[in-house]
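What follows is a pair of complexes built around chain A, which joins chain B in one and chain C in the other.
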Partner chain A sequence: MRESEGLRVDRLTVGIAGREIVRDVSFVVGASEAYGLVGESGSGKSMTCRAILGLLPPGSSTSGQILLGQTSLLELSPRRLRRLRGSAVGMVFQDPMAALNPVLRVGPAISQVIRSHADVTRTEARAGAIGAMKRVGIRDAERRARNYPHQFSGGMRQRIVIAMALAARPRLLLADEPTTALDVIVQAGILRLLDSLRRDEAMSLLLVSHDLSIIAGMCERVGVMYAGELVEEGPTSEVLSRPRHPYTKALIDSHPEDGSSRRLRSIAGSPPEPGRLPTGCVFSSRCELVTDKCRAAPIEFLHVDVDHHARCIRSELLVPAAEA
Partner chain B sequence: MSNVLAREVLPRLERPALRFVTSPGWSRRIGLLGVVAIVLIALIGPLVSPYGADAQNLAATLQHPSWQHPFGTDQFGRDILTRVMAAARVDLQIGFFGVTIPLVIGTVIGLLAGYFGGLLDIVSGRLIDVFTAFPFFVLVIAIVAMLGPGLRNLYIAISAVSWVAYARLVRAETLSAKKREYVLAAHGLGYGSVRIMRRHLLSNVVSPALVFAMSDFVLDILVGASIGFFGLGVQPPAAEWGTMIADGRDFLITDPWLVIFPGLAIVVLGFFVSLLGDGLADYIRRVDAGV
Partner chain C sequence: MIDRPPLLVAERLSKEYRTGRPALSEVSLTVARGAVLGIVGESGSGKSTLARCVSLLERPDSGRVLLDGLELTALGPRQLRRERRRIQVVFQDPYASLNPRLTVGSALAEVLRVHRLAPPAGITARVAELLALVGLPSSAASRRPVEFSGGQRQRICIARALAAKPDLLIADEPLSSLDVSIQAQILNLLLDLRDELSLAMVFVSHDLHVVRRVAPTIAVMFGGRIVEALPPEVALEDARHPYTRALLDALPSLRAKLPDPGQADLGAALPLEGCPFRDRCPHAHAPCATIDPPLLPVQGQHAVACHYVNDAAHGSNTAQPVAQAE
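Coming up: the complex of A and B.
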């Protein structure tokens, strides 16, 4: 059973200060599978990640279930959850400038991760740290291990962050916009690195991004988030070529095509604020296909195709006429 | 040879301790030089002086400054230069312990309060408010008067009062530092609270407290001198700048050097420590900015 080894998020709801930031999110990341979460800022992608790690801000509440293999993460004691972080689940943060402690040399910073999760000697941890730096493609790792974060470029720092996240060999890596703070050339290198590491280490990857093209190139499955809800979920090729939710379609249409000089299309209006959501479908205020029924009541996550779900009652309308 | 220089010597120059001396900034370097010089004088001076710090010579009382006695002698014929140098040991010690003990206590409390918040933060916050509400000098003198004279009781009094300043600074820094992404990342790597505070927060929150420690050092020496002036500090015949000033005040009109030289010593030490503190603040700002 391949799913039993991966990550299963089931009807996850996260509330902060009485507002539901994430609502009824369900998806499965299979073992050694790459799953992409896409959506705009504030759609709840990062909070979903932080809920998986149990690192939500104080005063937040969760319901639903998060299963890593057979372990239910939301029911773990803080102590056991802490032991799981880093060793079973690694996380790569958005801004490598901010995610490294400025006063720690990078070598010791990485060996700290190893030492805190495995019973090894200082020397073994040091060797492990240098090994981890080599694995993420840092040349001259022995010498560079003695450097401070500010002595590295942005791309190199992100590699160090990845080396730290992977140092204790987790089964699942969460990457929250890992390349947003980097320029495009460096971005390609980091993504290639993440992709090859995932294959080499047979680990699951949950990649969060606002950029559909990144996810299209890296992930087998994709989930589209909007206003805290997962509005569509399925195999990447399927979702991108035959979107079954108007928001996904609009998102794809607003993406520039190679060699095309047409004006970029945008989605009219702006997403609803948390706490002031419409009663019905969250996208109803911006949707071209909206009906009274859409506005009446929340929409269920509907099965639209093999392994393909969408939170839309009019999704048949999006199927190209030739296939319908 | 140049290879050795490039491989072995130059990287070492980047080490923090050396960079602290070599990187530009005159006030820090002059201050450091002055403080080191004063410490050396305090250590070596009394040893090489031909006079004992407490040795009386009733045949040569109240001598004007001269080649034999550059700072003159007091009413018991003791050499004032020797006594000023011997007193520097006591006053530097007051400054040192008066800073380090509260720095450690205040940093620990501030770090815990800032990191955990909650009841601990509320209790320590109210305690800080109470202590801050009293004038520093008055409270220290009151505590020493209560405990009795002596250096040990002076340290207790200073520690009891001035930890609050450090705790407040460290707490404020911790509150902002714990929201930074590398602390979140440390949580994400499964580190425990102790490790996060010790390895990831401490070194990033302690710098304002260190800068404050420099001006606090001067303040503590002034407190030590004032306490000595009131007769609550170092007991005679041991030398201490404040005590020397107090003892010499009867001769202020006729033989002012009894008072002027210990007073000057306080001013000079205060000047260099303040320069060092200023320079340190500049230095930390620059290091933080990554220059």
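Coming up: the complex of A and C.
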């Protein structure tokens, strides 16, 4: 079975200080598949990642299941989780400077990762580090390995972080807003790199972003998060061309891309705060299609098409008339 | 009747910090009354330095800034303080731009009092009016910035800028710290204000698509220079400068194509002589290494600073046009 080698998140709920930050989130990232998680700040996308990595803040509670291959991550001891991070799961975050030790030369920093996850000699680890730097497109890697993080530009630093994340050949790479701090052209380079590495290394990629257009070019499947819930999930091309949740549709409509000078369609209001969620659908306070039934009770994750789910009871209204 | 001069004229503005290439070299632009000029560029392109020099938050090393015919760069500090009201700036980070200890009402009232823009008895009414203008309830006046979301804080910053009754609003990456669904709200608010108050604006951003929504005329900056001026009638797809082309290819798209980074050797410092883009340019040839290309018209108001494009367009032309928003 294909999924047995990838990541399966099943009805994950994360509570912090009595508030549910993530509610009933389910999705599958197949082996060597790229999955995009999109959402605004506070939507729960980063907390979902932290749950996968076992990096939730102290005192948080979880229910549901996270499976990486056959391993149930929520049941692992802290020690085994630590071994897993960096080896089976690589991580790349928004700020590369925060992920690098400023007083450690980058070559030795990468060697250290290799040696902590594999039984190799110093020389082998050093060669591995230079190989990893070459794989992420750093020219003159032998010389650059002796440089400190501050001697690299933002984009090059993010490449070093990616080299570190890949050094132990993980099965899953988790990239949370990896290009948000970067310029447009540098961003394009990092996205290309992630795409080709994922294909070459047959590794699963979970890419988290607030920007739907970044996910569009990178991922086969996309999950849209809002106020702690996955509100829509499906093949990226389907979700983008036939969105079945009003929030997804609004996100697409508010994208400035088409080059015209028309006003953007905006979503009125702002997302609900974790402690003050509406009783029914979490998007009901901002939705144009809202009815009394939407406000009455929480909405189930409904099957709307092949491999395509949405948390909306009125989603058929979003289907173009010609197709309905 | 004599023609009034354009609202804003900036002539050959230059600014150098300690190292490398000047942050800004010989940049000229004009903005007509009620017009919007968009400025696009990556970090280090000089776009924020330009915004700061135009608003005289920073003095340019050389060049002139004229507002409504008055040469701001020739004024002393005291006179400048009096005129400063007429150019207001909205910054990227609304969290850092508001005094956390002042209520929103007193922050706005302070502007009105300092510039004597409302009689003491009329201040409360004017504050409510300003809040309504940016889509906030009048009850917001008694609350402090911490009680508002990022988008609402940016509305407060815009209201505070408008309180000064500016002739020109400079918005420096006003959407970058906001969530996607909120960005559209603030963008539309700026468009409404442009239309309702016929407010002239300089809109600075790294995102070409966003800028095109607000500003018909766009100046693309790279290495402290305007490398391309795009008038309203030229579509983004018809941009000519190799840097603008690279920027367009690199923009992520909902049309599910992987963005193209081109052949950027990123991390390399810009060359000190010649065209600043030459190390990353697919068309770089001999003159690019020595001569910094001037901004020359290719057609009408469309101007490009590139030897490759300009040599193809015409032999020699020394006129130096400016980015004009009309």
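Just so it is clear, the second predicted complex is superposed on the first by the 324 of 324 C-alpha atoms of A that agree within 3 Å, B and C clash if a C-alpha of one lies under 4 Å from a C-alpha of the other, contacts with A are read in each partner's own complex, and residues count from 1 in each chain.
The rule is short, and it goes like this: contacts are C-beta pairs under 8 Å (C-beta built on N, C-alpha and C of every residue); 3 or more make two chains touch, one makes a residue touch a chain.
If you're wondering where the values come from, they're calculated on a predicted model, not measured in any experiment.
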Query raised in the report: Who touches more of chain A, chain B or chain C?
Result: C
Query raised in the report: After superposition on the shared chain, which partner residues are touched by A:Ser213: those of chain B (first), chain C (second), both, or neither?
Result: second
Query raised in the report: First (chain B), second (chain C), both or neither: which does A:Val184 touch?
Result: second
Query raised in the report: If you stack the two complexes on chain A, which partner ends up touching A:Thr236: first (chain B), second (chain C), both, or neither?
Result: second
Report task. Give one of first, second, both or neither to describe whether A:Val103 is in contact with chain B, with chain C, with both, or with none. Result -> first
Query raised in the report: Okay, in this complex, where on chain B does chain A touch?
Result: 180-182, 184-192, 195, 199-200, 203-204, 290
Query raised in the report: For the complex, which residues does chain C have touching chain A?
Result: 42-43, 149, 151-152, 179-185, 187-188, 191, 206-207, 209-210, 212-213, 216, 235-237, 246-247, 249-262, 264-267
Query raised in the report: Inside the complex, what are the residues of chain A that reach chain B?
Result: 53, 55, 82-87, 90-91, 93-95, 98-104, 112-113, 116-117, 150, 161, 164-165, 168
Report summary line: Residue positions on chain A within touch of chain C in the complex are 40-41, 139, 152-153, 155-156, 183-189, 191-192, 195, 210-214, 216-218, 236-237, 240, 250-252, 254-268, 270-271
